[in-house]
Amino acid sequence: MTFTQKLLKLDRRWIYLMVAICIIVPVIVTFRVPIQVTPETKGVYDKIESLPKDSTILLSLDYDPSSMPELYPMTLAILDHIFTLNRDKGRGLKVVAVTLWPTGPGLGVSAFAAMEDKFGTNLVKRGRDYAFLGYIPGGYAVVIGLGQDLKRISPTDYWGTPTSQEPIFEHLNSIRDVAYMVELAAGATVETWITYGSKPYGFPMGAGVTAVSAAGYYPYYNSKQITGLMGGLKGAAEYEKLANVQGNAVPGMRAQALLHFVLVIVVIVVNVLFIVERSKGGK
Amino acid sequence: MIKHTTVLILVLAAVLALATSVPAQQGAKGGGPPAAKAPPAAGSAQTAGRAHTPAPADAAAQESAKTKAALDSFIMPATVELIDYPNDDGRSLALKFPKSPSESPNFTYVVYVSKSAGGPWYRATGAASTSGKILMSANPADFGWAEETSETHIIQVELAKVKIGEEAFKGRDGMPQKNLEGEPIKKDLMLWDKSTRPGSTFYVRLIVTNKSGIERQVGPVLSGAPVEQWADPAKANNFIFSVLFCVVVLIFIAYARRNPNLFIRKIPGLSAVEEAVGRATEMGKPILYLNGMDPIGSLNTLASINILGRVSRKVAEYDSKLIVPCRDPIVMTVSQEVVRGAYADAGRPDAYREDNIWYVTMEQFAYTAAVNGIMLRERPAANFFFGGYYAESLLLTETGASTGAIQISGTDALTQLPFFITTCDYTLIGEELYAASAYLAREPRLLGSLRGQDIGKMFILVVVVVGTVLASLGKVWLDHMLVTK
Amino acid sequence: MTFWKKKFPIALAFICGVVMFFRFFSPSHLADQTLTEFSDWDIIISAVASFLGIFSLLHNHYTKLRRKVPGWGYSIVVYVGFTVMALAGFLFKVDTKANLYKDGLVGVFMRMTLHGSPPPTEGVTTIVNPFNWIFMNFMVSLGATMFALLAFYIASAAFRAFRAKTREATVLLIAALLVMVGRVPLWDFLNTAFSPVSSWIMNNPNMAAQRGIIFGIVLSQIALSLRIIFGIERTYMGGGD
């Protein structure tokens, strides 16, 4: 077997080693990664930026720890953006969060705890500035129920406090009253929220999804059923850049950028060799 | 019998839709409830939730003079009509009036509503006079495409959302409740409360106001009663196409019963099912079947369970072992029933093992790890992946490929198709998953529905092509016909 | 028995399907209430279904333990994990502020299990709820590890799949390379040159192809729904046709 043929039939473990090196090296060697913001991500940012004073934003954290590296930085960047607007511009925006996945609550609790740590409980107060309803089983039925009567579907928040006692719900009877919604999804819940939430109840929404599923949501973005679409770690990095947040997405892009670059080079080289080999009459 | 009853119900529904659309259409054209009853307007504007009460006599005279001076430049709309808002649940009215030539961002239209002619008046809604959202043309599904719609305003007055005040929220013990901050919890009082009966009369005033907050009433106080519609004519096109599609499918099912040899093109993945099962039997290894990651309510899971029924029948005939680890408890229950039934049909009820179909976990990657472990330990000779999949698809199929199993997959998850195609021997793309049940069973009823589907697809293709050509030529009637809510 | 096992489910599916179909076209208050009612029942059934799953899981592993099949030790791990997580979730309420020296272990336990106990004023330490601790340190780590495997698998799949063997494969290769380069934020010139191309591919051919496949899928879903509603497709009930 010639060297070219050996390269074309390379054992997959060499590829795994290459991937490992591309991910480990950027952790040790830092370099600048230019992030270009796409219109899709800007759609979400611009909408939040333009919300009127005292608006309520609904966040649905429909992901689990395995998608955390991509979607958790998005969650933190969005929350940071919202509470920064409150702190610097006195917008008085409120956040109500829910999750349709049983593994979502832990992540929601962590995100809000991080915001309380950063902004202080004067600015980020549970029950007044934000509420987390936790996991509610039922999928699309939950979305429909929240659109009819939120306090009936969720009589208490995640910590057991009655929603009727929380100031944030005083004038919020259902999700029809929210000004905007951001769906952070590792699965197919974006369609659920569009079909059963945004369309019938008339609130605009944006989506943040994993990179693997981002390609499938462009039809919704193009038909304006969602105002913006953040795809994967790059989407999170773009949002961090827009909102001027020091998160984990931009540093994480170093590994992704290097790996993509190396993969592109490898694929080009392999195809050149493949064409050369084929022209020689080899397999 | 079900078929005849269904057709009858559909016809009745169509008649009902047409019948109930008539009052709404008349309402929208301005027939509506009688306009212009009662008393003179008075008083200054108040914020939402507080009654709008007339000022004392001396102040009223001064106010009147100021108002007159400030808004003299605004040319009032010639007519104002109060109509029932079309295609709703009977809790909205609408004010319809032509655009004024002097509209500008400085002027706002505000609507006040009351249950009695003399007030108290409550603010219902407001919009800038130049806002496109209050033009009839902003909602063509309800108001059509006529030229006049871009010159006519329609302001929806949602009576159920009008707040008239607040009261203390009382608990079960009748005592006022306090929130976490020790403040008394208030409950909104709404204009439309439990005592309001459908068909009640409401009184409405249209006000134009400028940036200083000075108001001037447009036309007289109007009264009307909202009417609940039972069918939404704006969705009529949707309804007609759905019914047509159903009828076409049913016709072809009936046709297929008389002509059972309907042609269906070869789907390589499904033709390979028997080969895969036979291979597993020869090697003495089990067959692994996954129903996907979605719950039972997803149609792709139902399609997968249908295929499971056919596959398990073959497995029973070949006397092989079938393993079905499930991600959802209800899917597990249904799968057990399906496989049990299939084994019974194949005459092998004794060979059925309930323990081979079990619930693993709902957590996505824990399930993936479990299935990978099964693949590496049990070394199934054939892996079937049918249903909805997400990020774990490549993990599953790569592991399966590394064990040397023959892999057949089918999913409607578009983003996972590239991974399946790369790693599986056969892949069913999109609708082939839903056709699989008909393909494997070769039952005329199922084949007939496939043919009906194809007619539907052909219809969409024709509409897309014709619509594109027409739109390019500036003819938008087809576009208008297809607009829905 | 045949009525309850065969005819009743078909009749129920038919009635529910037809009601929900017509409900969509009605703006009335009754239609709204119908939707709410059905959704509530859906939530209840989903919640109850989790018990079915737990029972199946525990029964399955109990059988493996009883028969001592190869790998039965892992069934013990399942039982231990299930018990620990369940107890942690039921017993402990919230992350609590406690003074370990002053309150001692018993005091900390009491404070964590009693909801709403006031925090101490001196020497405060935040004690993390065991449920949250296990979640963050086990679940998150294990889940992230599994997901991270995808990076390796995708790289090896890309290496095998992106070969210009046929015309279609060549088109796929070129499109994939353009999109990947457009999303590689390594150099500004790459971003500027290729990002618009990448966006165009995603927003035009990709979206068009997705829409085409979606049309077919949706029609198939409608046809499958019709077959289920009219009782033509009955495989999901089990027991054969």
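Going in written order, the chains are labelled A, B and C, and every chain counts its residues from 1.
Note that contacts are C-beta pairs under 8 Å (C-beta built on N, C-alpha and C of every residue); 3 or more make two chains touch, one makes a residue touch a chain.
Just so it is clear, the model here is predicted, and its values are computed rather than measured.
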item: Most widely separated chain from subunit C, with each centre as the mean of CA atoms; value: B
item: Of A-C and B-C, whichever chain pair has more C-beta contact pairs; value: B-C
item: Between subunit B and subunit A, distance of the C-alpha-averaged centres to the nearest whole Å; value: 24
item: Centroid distance [mean C-alpha coordinates] between subunit C and subunit A, Å; value: 16
item: Mean-CA-position distance for subunit C and subunit B (Å); value: 22
item: Interface hub residues of subunit A, defined as touching at least two other chains; value: 64, 66-67, 103, 139-140, 212, 215-216
item: Residues within subunit B bordering two or more other chains; value: 295, 297, 362-365, 391, 414
item: Two or more partner chains touched - positions in subunit C; value: 32, 42, 46, 50, 139, 142-143, 146-147, 150, 156, 210, 214
item: In the complex, subunit B residues that touch subunit C; value: 2-3, 6, 9, 13, 17, 87-91, 228-232, 235, 238-239, 242, 245-246, 249-250, 253, 295, 297, 299, 302-303, 305-306, 309-310, 328-330, 332-334, 336-342, 344-345, 355, 358-366, 368-369, 377, 391-392, 394-395, 398, 412, 414, 418-419, 422-423, 429-431, 433-435, 437, 443, 445-446, 449-450, 452-453, 456-457, 460
item: For the subunit C and subunit B complex, residues of the former touching the latter; value: 14, 18, 21-22, 24-29, 31-32, 42, 45-46, 49-54, 56-57, 60, 63, 70-71, 139, 142-143, 146-147, 149-150, 153-154, 156-157, 160-161, 210, 213-217, 219-228, 230-233, 235-241
item: Subunit A contact footprint on subunit B (complex, rising order); value: 169, 177-181, 183, 185-186, 188, 293-295, 297, 362-365, 388, 390-391, 413-416
item: Of all residues in subunit C, those that touch subunit A in their complex; value: 32, 35-36, 38-40, 42-43, 46-47, 50, 93-94, 115, 132, 135-136, 139-144, 146-148, 150-152, 155-156, 158-159, 162-165, 173, 176-177, 180-181, 183-188, 191-192, 195, 199, 202-203, 206-207, 210-211, 214
item: In the complex, subunit A residues that touch subunit B; value: 64, 66-67, 102-103, 127-128, 139-140, 161, 164-167, 170-171, 186-188, 210, 212-216
